[in-house]
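All chains are identified by letter, namely A, B, C, D, E and F, in their written order; residue positions are counted from 1 within each chain.
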């Protein structure tokens, strides 16, 4: 189903139903929409994220995107399908997250990588929990301006500022396997930071990232994450600076550049076993000329291209090789 | 409390707390914010309606607005206060409506007219129910493009398409005391219309309004509504054409002009006993230059100015009298 | 095919191929996209008109739209399909119009009413010519701010200011069967007006429309148009005031109100035999909150609802009847 | 000179210098820019009004605009020139108004009709005073949402809320020859209204306008204004509803429709001797798709077309005559 | 007072009156609004800067902002109050600057750090002069795309292109204690540069900044500025690239990134004695999704956080330390 | 002629006619507008590029722009004129490119450097071919996100994705003298890349650029390009990230920063003999606050400033020298 607006599949890839085991069984990756903004603490609008991410590209919707630098076509080299949206009413977060968690879990159980298009970040609870069901030990690599480890959201357990606390509290993810990159600003408070420290979370504030270099941080994160059987990649679009992603709910100046995030996502996916993924907090009413949604679209493509690379280990070419030599 | 953004009172009127009986007891009218958009079926954003309606005016925020045509100052002639927002989490509609209904009921019990700034139209359930508690028999005059009498909203009882059905089903409002003006478009379906007819609702589609004239319709409505002890006035901003109110969640072309609505609201309030009121569905992310929020602001002022007129029955002047003669 | 962006059908109606005679043969109406803006004299952008008109509605894309006032469901009572877009490169107007004319002609030949979503108004040449092929005598009812009877467009025969001259010059439409409503502004020059007068065109400038009343004009037009076997309805969205349709290429202040146009279109289609139709000049880059595209969407629905009424002559109800009485 | 941005003339008419007596002496009308927004009480931006009004049209900038209904070409039938902008620093209102008043006075002294493109409405002081210098007795016809008769503007004599008081206090215009149409909203206060009444100003609030009809009001105004030797026409774009003119500094809902204003301006200019004119309060930063600036452009054209009609009294045609009959 | 719009305090900190010596005497920092855009040479709109900077944050307005990297809460660790706006009429720059200078001087005399929210950059004259009154020797660190050392502004001494010349000419600041960072583009002319050189100003054009590195420049500047008793920090938001700050009056491509500016401001304030500060040229009408205003808000917070660090010299932690280790 | 809108010259430089040999013969550089968007594959709007690039600057339009870092005034040190627009109907690409090619060829033949303001990138065919006619051996330095070496554009030879293939196929430019910088994304397909490799094109994908450094790439490119008699510089604005240039037709995230492009263009022009240039794909309808057009304006100024430097070889100063030392 499509929750808001007409039925559109991600860049023209095949559309299959979430309960069509046969179709899904043969797939590597499934795009799934989570059009939910009931968990936002400020600007709503992320409910239109899935359709904007699916449909902001300028090229034909033909289910093919040959990657210029990596020489893979993630939509052809992998079997990628779109299972449409989960119906997630904004007004009942437990119902909404329950449905999403079930759908994501279904995909993971079939060894299909769920790629969830948010939606606000409260969906991480469902996405991580649902993916985790398939694996004994899963790490999370989390790009975000905010730690999302708050205790309560308007007095409630779920919301876009609390999911990372919930999955650690639940025992789904161990704190020392939780890697956060790009944090900054004036949140959370010291008590929450103390809780995070006690969980042994690995959180890289932007000053440390810029001081040590993003490459060094990523190497450190990937080396540690590799020790888990699976990795879940969570990308909150507000990890980049508002210049690159104005269309989001709680922007925080001073973020990564688009090229840093694209490269980082590609690197993570071509290095560790990403078995689930989400791109969240794209809020189209605040976007301009679709640039935020288009960036989110490219994050998905870079991630899947990275997965292709990882699955073709014999390929000794490097992305930075000259474009027009024989490969 | 203010749910999103800084604390601002409606045009600079005094700010009092909802539980301050003393301050409220001396008041005629209380502005109350309902920053809720969890009940929308399409575009969210109405959560920012209250702050936009409070703060879109170009004149000083001095708690005074002398009405040019009516020669009243609704913010001075009436004792008007602002009780801030009710905390209404988008993700839990029952909790949210419960809190709002309680707050509105509190005001009504103190004989204070609640003027609720929405928020999406699902709040009508709380606003009407809360106000009704004070009266034995209450009519509803409802300006809207949509009947809002749907049975279910994404499978649920509450939402911005269902509140009018709920208050009739509950027995709060009798169908024949429910007056709808400005309906149009392609909703609801025949089954719902049949239910409405069975309730003996009085619903005026826009074609009938234009054919008979809005004045004639209003006369008919006011004559009937006057038979109730109290009237609740519900104004969904989408009753006007999208040209006048682009900043709304589910626009429908072909609506009233702004001047028709302003005049109609003034007329109703100066004719029947309006004891509660709401202005809903202002969605600032879709507005331009604040024109929609400003129109909603004026709807409140026209309504209160009408109330002033009704309470000064000795005044024989008419709004259409020349401006600069002795009155 | 879809020329720009993902494949979307008009409000969720079935999508069939233009060369699928079997599917088309059973249809009453076919929506067809003409994503062409190569013929504009000023702002381009109308190439995105078809997708915006198809996808701007706030309700579910379920192929059903029950008309509140008319009690018909134009998408269900008629067999309506969407044949996608014609590939119309902006850079070769003759090629583009040729392809469109052929597609429209195909539909007309099968007795399917083509409803063309523009695109700039240069497409009228193809739409009128293509539809005309099926009929011996066709009238045109044309709502527009501009007469579109210019002789040359940047020195060329085709363009959005010349199509109405071309179809008269070609002998396709006789001047006295060409009815224009809503003209205004500062174009064309006296020589062109003289040519129009010689063709005996019936052109109603907005001052005359307001002086005599739109109803009287429409009665006059319909009485005359009814003498033709078929009528083609051409609606340039700029016939309404820019307040109602900012998203257009060459706006002209002082136009009709949205409600006037919607009602007029409904009236024409429920009165004379409209056998082809176009809605043109929606330019999404200049729109705000999709209000122009939504108005165009409603123009199509009102037109088809009018067609339904015309085909059910036994129905004695009137649109202005009370909504909730038995019909 | 051009104060902000490149040199552009109104629709391509000749550009002459304000001190070129020879060129000006042969002219009927001079367009003059007053790019001043230092007098605004809320939103600034009107400094860009002149360039937006000059350059928002979609047709070629060829110095010709044949009026469809009136069959005149105001830019050809009259000798119309553009004298560029007056340098009016925002930060020194007395200096700015002094310069403008001198320039307007120069034009009037040469029997050239000044058409001033604002700029905020504080310029009315200079425009009226400057034009008045040429005549013994001048009336003012003033379309506006606001009376602009305030006593002080942030404690100062000049500003966009006070000019009409100043010109009456100065004795430039007698109160009973000051006609205001379209006033509405919540300003000014009773003391100011009492002052206005004492001056015997003729001010028509919008409720009276709608009750009696704009035509009746205009007839009354023109009959009275005709008794003066000359008339100054002041059009504040906010007299129309914000739907038609969002790009303005202090919008007030419930205004005239664009077609009402265009027709009224045309009527006034074809009925009484308009010897000076201003169009003010176009604030491009708040406009959308240039619709406000385009409306202001048309107000100028309608006014000049009306002047053409007045100067050709032998023409017995009426604007509402059929377009394509011999005239 | 609040000059435009409702009363709002910076992120919910206490609001005190500028003449309340008692309240101010106990304060470390006072936020003060300078809503003035009468000094702009192109786009106006900066009058709305103060309210936008105060109210663009997405988090609760609770007067607390714990800095993630520095582990200080600038709004709690310092005693910070908001004294509202100075009434600064756009139309009288000398009056406006006089009032502001007096208010800033009052604060400085009480040893309260004035943090002025502009407003256009002409206010620097008042801000620097007012702050300087308290100190014998003050340096200025100035981030800007423009040197603002022009001689005249539309023929006048004050304006947003001239303040830096005025304070040097007046002898308030010695040229060699004036440090400018980020200059670029095509202004000023060689004569002005020669004047600057004669004053021995230290101006770093962006090419030099990028060539040597911003860190090296800052070290050089801080080492020199430290020799003064006090430092005034002037931040023109247009020092960053328009991508990061589109909402400004005279953007110049090729500027700093947001992260560079935030880090530089933090560095300066934690290194030298900043005793006064301004953030100017935020022009909300040209902003998108409030990103420019939000950046300005963060500049204030980073500056105050830096001040906190400087006042806690015992703290040996560094901003780039890992986030979750004991500090 | 000016194709759309009023006549405006680039920053106030003299306007001469393209066929005025005398005026042109004395010129070094001619700005020429190519208002064509008929060749776009997605968003149109680039037809308004020329006027936006000419008129987006905030400074006076006085034909002077002293470069702060280089100490040249490109508009004064070179003889620069503006020849207006070529009339390029969107609907006939061959006609349009033919006219442009002829105009560019005229300029080149007179040893005037053509600086073409696009328009979409299909114009490169005319610009390169036209310029090439004057030289025996010309290299192309091409900044772009896309290689523009596609074979067909909607089945046709010309379009904005194919010009670079055409000029190589025609033998105008040898593949090994074609240098592309900034390519990225998911286009073109491997077959096209293979064709490019066979032509021995030198194409630098963004990953290689970031890995090796833009400086190293530029050195390599300039060293090679210098071997040709002349260089044509083609700058597609989409080579920068959408954050810096949202106003373009086919944005691709992950691009260069504005400062990288400005510096690179300056470097190329001050190093090799640039004898023709184009800046393309600025699409104003998608721009915000004119930031994209302003960047394009600066690209022209940086290029011309670079040309000035190259022609003054005695100047030993470097752009990164301190601003205020004697030079």
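Going forward, a contact is a pair of C-beta atoms (placed from the backbone, for glycine too) under 8 Å apart; a residue touches a chain by one contact, two chains touch by 3 or more.
Because the structure is a prediction, the values reported are computed rather than measured.
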item: Chains touching both subunit B and subunit D; value: C, E
item: Number of steps on the shortest touching-chain route linking subunit B and subunit F; value: 2
item: C-F compared against B-E, more contacting pairs; value: C-F
item: Taking each chain's C-alpha mean as its centre, the one farthest from subunit F; value: B
item: B-D, C-F or B-E - pair sharing over half of the A-E contact pairs; value: B-D
item: Interface residue overlap between copies subunit B and subunit C, same or different (over half shared); value: different
item: Computed distance of Cα centres, subunit C from subunit A, in Å; value: 44
item: For subunit C paired with subunit E, centre-to-centre distance based on mean C-alpha positions, whole Å; value: 56
item: Cα-centroid distance, subunit E relative to subunit F, in whole angstrom; value: 37
item: Where subunit C touches two or more other chains, by residue; value: 42-43, 241, 243-244, 257, 286, 288
item: All chain pairs that touch each other; value: A-B, A-C, A-E, A-F, B-C, B-D, B-E, C-D, C-F, D-E, D-F, E-F
item: Touching residues (chain side subunit D, partner subunit E) in the complex; value: 4, 37-40, 42-45, 47-48, 87, 89-93, 96, 122, 153-156, 158-159, 285-286
item: Interfacial residue positions of subunit D with respect to subunit B in the complex; value: 41-43, 183-190, 193, 196-197, 200-208, 210-212, 241-244, 246-247, 249-255, 257, 286-288
item: Partner subunit A, residues of subunit E touching it in the complex; value: 58-59, 65-69, 71, 241, 243-244, 257-259, 262-263, 288-289, 291, 294-295, 298, 301, 319-326
item: In the complex with subunit B, residue positions of subunit E that touch it; value: 2, 5-9, 12, 54-55, 61
